[in-house]
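You will see chain A twice below: alongside chain B first, and alongside chain C after that.
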Partner chain A sequence: MAGFVLRRFLGMIPILFLITIGVFLVMQVLPGDPARMILGQEATPESLAAVRERLGLNQPLHMQYLSWLGNVMTGDLGRSMVDNSPVSRAILSALPVTLQVTGLALVIGLLIGVPAGVIAATSPGRLGDGVATFIGLTCISLPGFWVAILMLYVFSLWLGWLPSSGFVRFTDDPWQSFLHSLMPAIALGLRPAGIFMRLVRSSMVEVMKSDYVRTARAKGLAGHAVILRHGLRTSLIPLVTILSVEFAALLGNVVVIDTIFGLPGFGRLIFNSVLRLDLTMMQSLVLIFALAVIAINLLTDIVYFILDPRIKER
Partner chain B sequence: MTDATGNLSHSPGTPVLEVRDLVTEFTTDEGRLRAVDGVSFALHAGQTLAVVGESGSGKSVTSLSVMGLLPARIGRIASGSIRLDGRELTGLPERAMRRVRGDDIAMIFQEPMTSLTPVYTVGDQIAEAILTHRDIGRRAARARAIELLDQVGIPEPALRARAYPHQLSGGMRQRVMIAIALSCDPRVLIADEPTTGLDVTIQAQILDLLRRLQRDSGMAILFITHDLGVVAEIADRVLVMYAGRKVEEAGVEALFATPRMPYTVGLMGSTPRPGASARPGAARLRAIRGNIPSPRKLPPGCAFHPRCDHMHEGVCTTALPPLEDAGDGHLVRCARWRDIAGVPS
Partner chain C sequence: MNRVLRRMLRRPLGALGLLIVTALVVVAVFAPQIAPHDPTRPDFTAILAGPSDVYWLGTDELGRDILSRLIWGARASLQAGLIAVLLAAGIGVPIGLVSGYFRGPLDEYVVMRLTDAMMAFPVIVLALAMTAVLGPSLYTAMIAIGIVYSPIFIRLARAQTLSIRETEYVEAARALGNRHLGIMLKHVLPNIASPLVIQMSVSMATAILVESALSFLGLGVQPPTPSWGSMLRIGTNYMNDAPMISFWPGLAIFIAVLGINLMGDALRDVLDPRN
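So, the complex of A and B:
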């Protein structure tokens, strides 16, 4: 196990390097002079030169890359071009918010999607299948922002059950924190719920016809043991792949959700940095997203390894 | 077990498994079809009954009916009786049937490569069967699983118990399936083409194993196969099925010596001589001209008549011939068996 994880991890290092180079270069080719952005249009040539000197913009490209990479590796992502505050601080403050909301969204997706998929798969063509499939399809087709606004209207404005905006940190008040992230997570999680449902349904319908499920029945196992231990357990393997893809997709949706619910998460950072052309912030966010996707892939491999013994041979 | 005439006698006492007039139907989109139509047989302890017939003749459906494993909502036992040690199994609620399945009646299948769940060790899969039916601890079940692996001839059983199915060969996996089937000392083992798809030496080993296990435990075996070479090796009695019906049944020697039903003769024509062990491929039953009819539209009269060389218009084409005793419990369903055999009626 440790060897497998280490191998996978080492295998990612070249990819990590390519990503840092890519991120760095993209920022280089973007139009705009960082020094002028910082100082504004009225800056004197002398002060511009001074800022360029301070930022190392006169150095050859590879030197700039290396010094940037060195800083990134020590956790220094540079300073915001807007207010000169450290980017890493802003990211560290937004990270838990986004992780909590997206994590909860995935949990909600799984809690709805997996049971619905199992019900649909074990009653193909019958009422349970119809209802579950309908719910799944609804989840996929409803736009997240629309659900978000509808929920705001019903649960915050009308019923007053849930806070409409803002965030409370988990460490400050877990319950309030949960309440604040609930609606954003539902809005984000419905689509994955529908996708998980359809995936579990389709893979489990096949598995339930398989020879080994017949063997499990022939052993005299109870229906639920056949379904859960032999049917669902092997159907989980394709779910892991989709889970990682959907998580990456969730990260893309946080801009809208953070804006609607006023969450101080990654979505807000992205929105603001684009609005204000904060290049350092954008660069760091792109880097973090790429790292997140890589980390998720590594995690997926590890979960695969745990779920499917056949992988060990490869 | 054989009497003076060389035929297998009917064993005394009640049979372990007795199937009488079994009718199994499927409701499909295109309507209802009768996959098994009035099949009866008796299976005695320590005896092996082989069921042969072409693909689609209803062999598997018969065995799934006995196991209570017909596809839910589609398949049902329309009538007939299945008795295990005199106890009626048809109409038993699922909970009660579950206690029979895997405990009193166990089953192994044709596809050893795919019949084990890929994500659990074989030891766990055997232990699971034991834990389902016996009130023992996990540890004891594991130990018993290793014992069983040893019994079915798997070397280094303690090590193999921790292997996953994909780490074992087809023959090994079929041994594991047999270990699962034997885990609760069943009275009846149903083997649905357990050696099809395995290579010949492995086939022979599996047959040897089944014979040895039967000798030790006295279980009855219902052995389904395409392969008359295998029948000759393992069966005491043979039941020949055609289009969901029993068309001939006899002791194995009698059947091979004097097959009565032209269909059985046709099957043998396509198989190596009895006694000679089967060669791969050669033993498939394909040589009879024409195809087995769909159970949806069976020919009137004897279902085999369109393919039969002895067919007589009127005699074979109108009424379904009854199952007649040709002597010594040799049953045959053919209107013309006396003519064909030269026996005066």
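So, the complex of A and C:
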């Protein structure tokens, strides 16, 4: 187990290295002069030179990369180019918001998707097949931001049941916090729900046809026990794999959902940094998004290993 | 081709998908002929008007006809999806094909690790960063989505090529002294085409979603050009007075994406040799 985790971890180092180079290079090709962006158009040549000196912008590219990498490794993500506040503080304040909303979205996706997939797999026939396919594809095809706006209209403006924007931290008021993240999480969770449903259905249909399920049935195991003990368990492994892929997609969709619901999460942070061309903020956020995805992939591999010890090497 | 089409039409959902996609293409191509009004011409006597004989779906905040804007918006969405996916496949398939055909350290340590790294970035986040570099426009959005999707095609083309290159007919072609390029184009590519076509339809559906999300954020199609995403964004400002403004473009995105997904699903059923 430890050896497996270590091997997977070491295998990720070159990928991490490539990611940092990629992020660094993308930011280098941005138009505009960061020093001028900080000081404004009326800056004197002397003050511009001083800022360039301070930021290390007059050093050769590879030296800039190495010093940036060194800072990142020690947890120093730099300061925002717009208001000079530390980037790490902004990230730490946005992190719980995004984790809560995306986590809830995944839970909603699983709560809808898995039972729906089981029902779809156990209701055979062409009609059941067609209905299941249609519902699954509908969930996948619905634009999250449209669903968000429709929900806002119905549940906030019309019925007044749910708050339309803003966020309350879980530590301040758990119930209000839940209410504020419910609509964003549903809007984000529909796509994973559809994907989980299709996945559970297709893998269960395969399993239910297998010999060992027939044997379990033949020895008199009750129908629901067969489904739960044999059918669902086998579909757990592909479910875990797709979970990590869907988490990456969720992190991306957070950008739109944060904007609609005014959530102070990662999405708003990166969107604002793009609008204001806040280089250091953007650089750090893109890096963190990628690291989060890599970390989730590693976690997936470990869970995978626990669920199916046959996978020693991949 | 004809056979594939006929088998897709025999499935109700496949037929529905084909119908939606065909309608979408017709609307996008013949937008100037179909649209009842000029999509960018304001009518200050009918601002935020409800449905009427003149404006079937009402008008927006500048008095522009919503139906005409929806019809023209189909162009932007379809164009974005199509070009993004063609770009992704155009980059990905040759790289994946060559990489999988020759294998070796370049394949394993460079191409595979690069795709790993690229796939770690959420699509919208990378597209946002590229928008900051290239400036917001429909072309930026298309290029960004195309580049972000290319690793999927590299992976798929490579995986398929790996299995085809071991087959006897490829071996035979090699024994006959055919050149590598000829074998790749004549023997490998046609045999890996089906999964690539399926992936293209799946990717096109999500590309349209991503493009409309970027336009919704104001980073895709720029005004006054009509697009579904930007119409939806403007509609959110008028949710109290005219909620339908943001309803229609969202419905259009949904139907278009659903149609492409239904078509892709039926295509998978028909083309997959296991069925």
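Rule of thumb we're sticking to: the second predicted complex is superposed on the first by the 301 of 314 C-alpha atoms of A that agree within 3 Å, B and C clash if a C-alpha of one lies under 4 Å from a C-alpha of the other, contacts with A are read in each partner's own complex, and residues count from 1 in each chain.
Here is the rule we go by: a contact is a pair of C-beta atoms (placed from the backbone, for glycine too) under 8 Å apart; a residue touches a chain by one contact, two chains touch by 3 or more.
Note that this is a predicted model, so its numbers are computed, not measured.
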| item | value |
| --- | --- |
| Clash or fit (per the criteria above) of chain B with chain C on chain A | fit |
| Partner chain(s) touched by A:Pro143 [first = chain B, second = chain C, both, neither] | second |
| Which of chain B and chain C A:Ser210 touches, first, second, both or neither | first |
| Chain B versus chain C as contact partner of A:Asp308, first or second or both or neither | first |
| Touching partner for A:Asn253 - first (chain B), second (chain C), both, neither | second |
| Partner chain in contact with A:Leu111 - chain B first, chain C second, else both or neither | neither |
| Superposed model, angle subtended at chain A by chain C and chain B (C-alpha, nearest 10 degrees) | 80 |
| First, second, both or neither for A:Lys219, with chain B first and chain C second | first |
| Which of chain B and chain C A:Leu92 touches, first, second, both or neither | neither |
| Partner contacting more residues of chain A (chain B vs chain C) | C |
| Partner chain(s) touched by A:His230 [first = chain B, second = chain C, both, neither] | first |
| Minimum Cα separation, chain C to chain B, after superposition on A (Å) | 16 |
| Of all residues in chain C, those that touch chain A in their complex | 12-13, 109, 113-114, 116-118, 120-126, 128-133, 205, 209, 212-213, 216-217, 219, 232, 235-236, 239-240, 243, 246-247, 250-251, 253-254, 257-258, 261-262, 265 |
| Of chain B, residues touching chain A in the complex | 67, 69, 94, 98-103, 106-107, 109, 111, 114-119, 121, 128-129, 132-133, 164, 166-167, 177, 180 |
| Chain B partner contacts - residues on chain A that touch it in the complex | 210-212, 214-223, 225, 229-230, 233-234, 307-310, 313 |
| Chain C partner contacts - residues on chain A that touch it in the complex | 14-15, 18-19, 22, 26, 29-31, 130, 133-134, 137-138, 140-146, 149-150, 152-153, 157, 248-249, 251-253, 255-256, 259-260, 270-271, 274, 277, 282, 285-286, 289-291, 293-294, 297 |
